[in-house]
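For clarity, chains are labelled A, B, C and D in written order, and residue numbers in each chain start from 1.
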Amino acid sequence: MKIRTLGRHVREGVKNLGRNGWMSFASISAVAITLLILGVFFILAMNVNYFAQSVEKQVEIRVFLDVLATKENVQQVEENIKAIPKVASVTFIPKDEGLKQFKESLGEKAYLFEGLEKDNPLPDAFVVKTTQPQDTSAVAAQIKKLEFVNNLNYGEGTVEKLFAVTGAVRNVGIAFIIGLGFTAMFLIANTIKLTIVARRREIEIMKLVGATNWFIRWPFFVEGLLMGIAGALIPTIMLAVGYYYLLDAIHSSFEASQLFKLLPLFPLVNQVALALLAIGAFIGIWGSLVSVRRFLRV
Amino acid sequence: MIEMFDVWKTYPNGTNALKGVNIKIEKGEFVYVVGPSGAGKSTFIKLMYREEKPTKGQIFLGGFNVSRIKERQIPLVRRSIGVVFQDFKLLPTLTVFENVAFAMEVIEANPKQIKPRVLDVLGLVKLKHKAKMLPSELSGGEQQRVALARALVNNPGIIIADEPTGNLDPETSWEIMKLFEEINQRGTTVVMATHNREIVNTMRKRVVAIEAGTIARDEQRGEYGYED
Amino acid sequence: MIEMFDVWKTYPNGTNALKGVNIKIEKGEFVYVVGPSGAGKSTFIKLMYREEKPTKGQIFLGGFNVSRIKERQIPLVRRSIGVVFQDFKLLPTLTVFENVAFAMEVIEANPKQIKPRVLDVLGLVKLKHKAKMLPSELSGGEQQRVALARALVNNPGIIIADEPTGNLDPETSWEIMKLFEEINQRGTTVVMATHNREIVNTMRKRVVAIEAGTIARDEQRGEYGYED
Amino acid sequence: MKIRTLGRHVREGVKNLGRNGWMSFASISAVAITLLILGVFFILAMNVNYFAQSVEKQVEIRVFLDVLATKENVQQVEENIKAIPKVASVTFIPKDEGLKQFKESLGEKAYLFEGLEKDNPLPDAFVVKTTQPQDTSAVAAQIKKLEFVNNLNYGEGTVEKLFAVTGAVRNVGIAFIIGLGFTAMFLIANTIKLTIVARRREIEIMKLVGATNWFIRWPFFVEGLLMGIAGALIPTIMLAVGYYYLLDAIHSSFEASQLFKLLPLFPLVNQVALALLAIGAFIGIWGSLVSVRRFLRV
């Protein structure tokens, strides 16, 4: 193919969008709507994942020390804990601080334990965080073996449940996004096919006039690419603007901003834009080429 | 130039359109294909540019064995032929100009030469003033002339025309026929299916009569025949 | 039966197809419409069954003012006319039989009468054996005859035919013309655009010649004219 | 229109599905895929709502009585509480039972309060449930005013947050379902339009042969209806079978069945079937009729 022919194909692809105006419009809007749905769920899934992560990050191990442990012993324990792989941070909680925190956690019921300060039953403690929340129980088992560690608490049972739930939510989310991605692809390819079937006669005529398969394919390729990109740009812009205003609305209300911690605009919007444009362009091209092929056997 | 050996064509629905056709058309000949409606003229013609594949037999055209050709080479055969289709086959979304230009784009002609050449040919069929219109905005005869212009534009070595004057008044038909004659005189082979007795009997050429799928008659400087 | 008063037609793209046409066609007449390619014959015909709306002027057909008619009444006008379209206009997904039957279904004919009547008419145009085929499986002339059969099937009071013999060999054309003559003798008005000089000059009828959008000639038992 | 003509239209509509085989297939599968997505999210939303409800139902008011209250006083308080509108149930928790529950709620930390049984600091209590969880704080305020009620606890602050979250989740779910519903409608109508645009020439020819608008519309009406129903039946069956196996899988694993409490198969499947069939049939008809109309002006 000569270079100038490539130019002709690009021009022709662009013109065809106009020549089949109504069809192009129908196709592009179908692509846009489909990708909009995909984008919304992509953003939703990313935020659910973010939320699950932030919940998981709250998991910590509370290590209660022997009441008889001396200052040196305590330091020794701290170093021992730090030496365990996958431990991210170790914070010392003196027993007075521990009681305060405990009463805070009881909320209104705290008054029931008013007199406890005089004879604090709590020992000194460490709060340990792991690099990966999922490592918690493994690390806890190792800490338990250390000297001067009397007891520890990381919500055994509850934490495993939590990870089961967040893991399941994540898997369901991924399954949904993949499923949606495929159905979106199917719907887009299907729409493009329908517009091309309506032009089967034209493809046949072109072949009868002596056009090679590639000569026919190229403008459809360009057309499909443009439809895909146009159909992806619309929802990308809508999602970016919509998400911006959503964040804005949430941040402007103190209550809502406490309840819903959402991902910031960037890089989320970039990721969405990339995903949608890639899918749009790919399916636009693929859909046209595959459908054209059916009618090239003339 | 064009040779057929024992060519049969049975359509998928069982219709036997051609039954053992043998013919040899030399380079530079002018051949009328005549015969009653449904006799197989269009089928005979469609086999040459490979719109249809023969069920049996061999077809040679130019250097190609059209009946055994590879998929990839079909466009090459078609480019060496200018075809006027019985149902015109114009591209509905392209203007008259673009339709004719399309045939030149297909052979990757120099873009600078396309415009003057297309306007030239449109002038030959008297449609320069309709260059910017869509096929749907033309009369039947005008569409037929666009199809003719498209067949001529690349100066092909062979012109195959399926009733190119079916929708034209006698006067315009004669102008078109003179055009064919002229092109033929310049060495182009012309194969033309027609129902126009007046033309066949006046402009005497080789006449191939097809009846019920076989060649019933093949005469140099023949007549239309079939008097009623 | 059909009357036009100062009818003008300008297409949206600016083409002036008809420029002040006046005509009166009586019930039972047989009228040839002749003229060069692009003169306005098809436009003249399309106005009668309201495929196109006149830009100016009045058209009366049967009891209807076709130029002022309500949307809802258009089907009634069309049902009183049998039209053979220049480009056939067959429904591509229906078989030959179904295409012809469709015209009877439209007028809600008794289903029991449809089958025999359709086969009858297909017999008249010699296509009974192709009843089960799709239009795409027919030759050009066969398609034209199906279009003719569809126009005849309801025994309309008016038959309008746009080059009904353009794709037919002379023999078949004559058979079709005899059919028209017969129908006309039974009282049907026939309006027929044609390029066939032989037919017009042999089967003498009223000839309306349209040239560049105006009626240039209107003769009883006229000739095709336009000698070259 | 004569009755026998109606029969003709129905036959014709059915035949047209076959005549335009490929197009019908493309349309029906697009409808099916779109409704499948809608159905999946419908089921998801119903289950999320169900989960939110079950969490909300755990909200209760714990009413601590005055230590000095006599048996009669306690009975009096119970009757007074029962008299408050919107109270669904009142359960008496003697102080020993209360301490047991409290220690259970502490989990591993319970050992810190070993000695407490000897001198139980907890008073007798009532657990009050309201008919609507959202009424909790209003009811609590009324109970607080009663005699012998020393104090009460229903997670003030937390409960309001919970309702804000469940409310938000519910609203987002409804918004999603409505949004998805509309986009599904758009996509289906769009696909049907594309198949009909490809047949515009046919519609024009029918009109030129003398068919009335309704004569042309009827078969399209039937065709649209059938496409819509066929396109809705496929996802309905897929969802019913899929959900059945999902429930089965969850019930067969003890862990999963503890974590995920899903709605039972019935009446959920019936609701989904009804919704999808209604949408499919409605849009099938509407899409065809609207698209046909564009080409009737001949």
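What we mean here is this: contacts are C-beta pairs under 8 Å (C-beta built on N, C-alpha and C of every residue); 3 or more make two chains touch, one makes a residue touch a chain.
Since the structure is predicted, the reported quantities are computational estimates derived from the model, not experimental observations.
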{"item": "Contact-graph separation of chain B and chain C, given in steps at minimum", "value": "1"}
{"item": "Chain centre separation (chain A, chain C; CA means) in Å", "value": "67"}
{"item": "Between chain A and chain D, centroid-to-centroid distance (C-alpha), Å", "value": "24"}
{"item": "Chain centre separation in whole Å, for chain D relative to chain C (CA means)", "value": "62"}
{"item": "Sites on chain A at which at least two other chains make contact", "value": "none"}
{"item": "Multi-chain contact sites of chain C, meaning residues that touch two or more partners", "value": "none"}
{"item": "Chain contact graph, described as a line, ring, star, complete graph or other shape", "value": "ring"}
{"item": "Touch relationships between chains, expressed as pairs", "value": "A-B, A-D, B-C, C-D"}
{"item": "List of chain A residues in touch with chain D within their complex", "value": "22-23, 26-27, 29-30, 33-34, 36-37, 40, 102, 107-109, 111-113, 121-122, 151, 153, 155-158, 161, 164-165, 168, 176, 179-180, 183, 186-187, 190-191, 193-195, 197-198, 255, 258-260"}
{"item": "Residue ranges of chain C in contact with chain D within the complex", "value": "49, 51, 72, 74-76, 78-79, 83, 85, 89-94, 102-103, 105-108, 111, 150"}
{"item": "Chain C residues touching chain B - in the complex, by the definition given at the top", "value": "11, 13, 15, 34-38, 41-42, 86-87, 133, 137-142, 145, 162-163, 166-174, 195, 197-198, 224, 226, 228"}
{"item": "Chain A - residues contacting chain B, complex", "value": "1-2, 4-5, 8, 16, 19-20, 201-202, 205-212, 215, 297-298"}
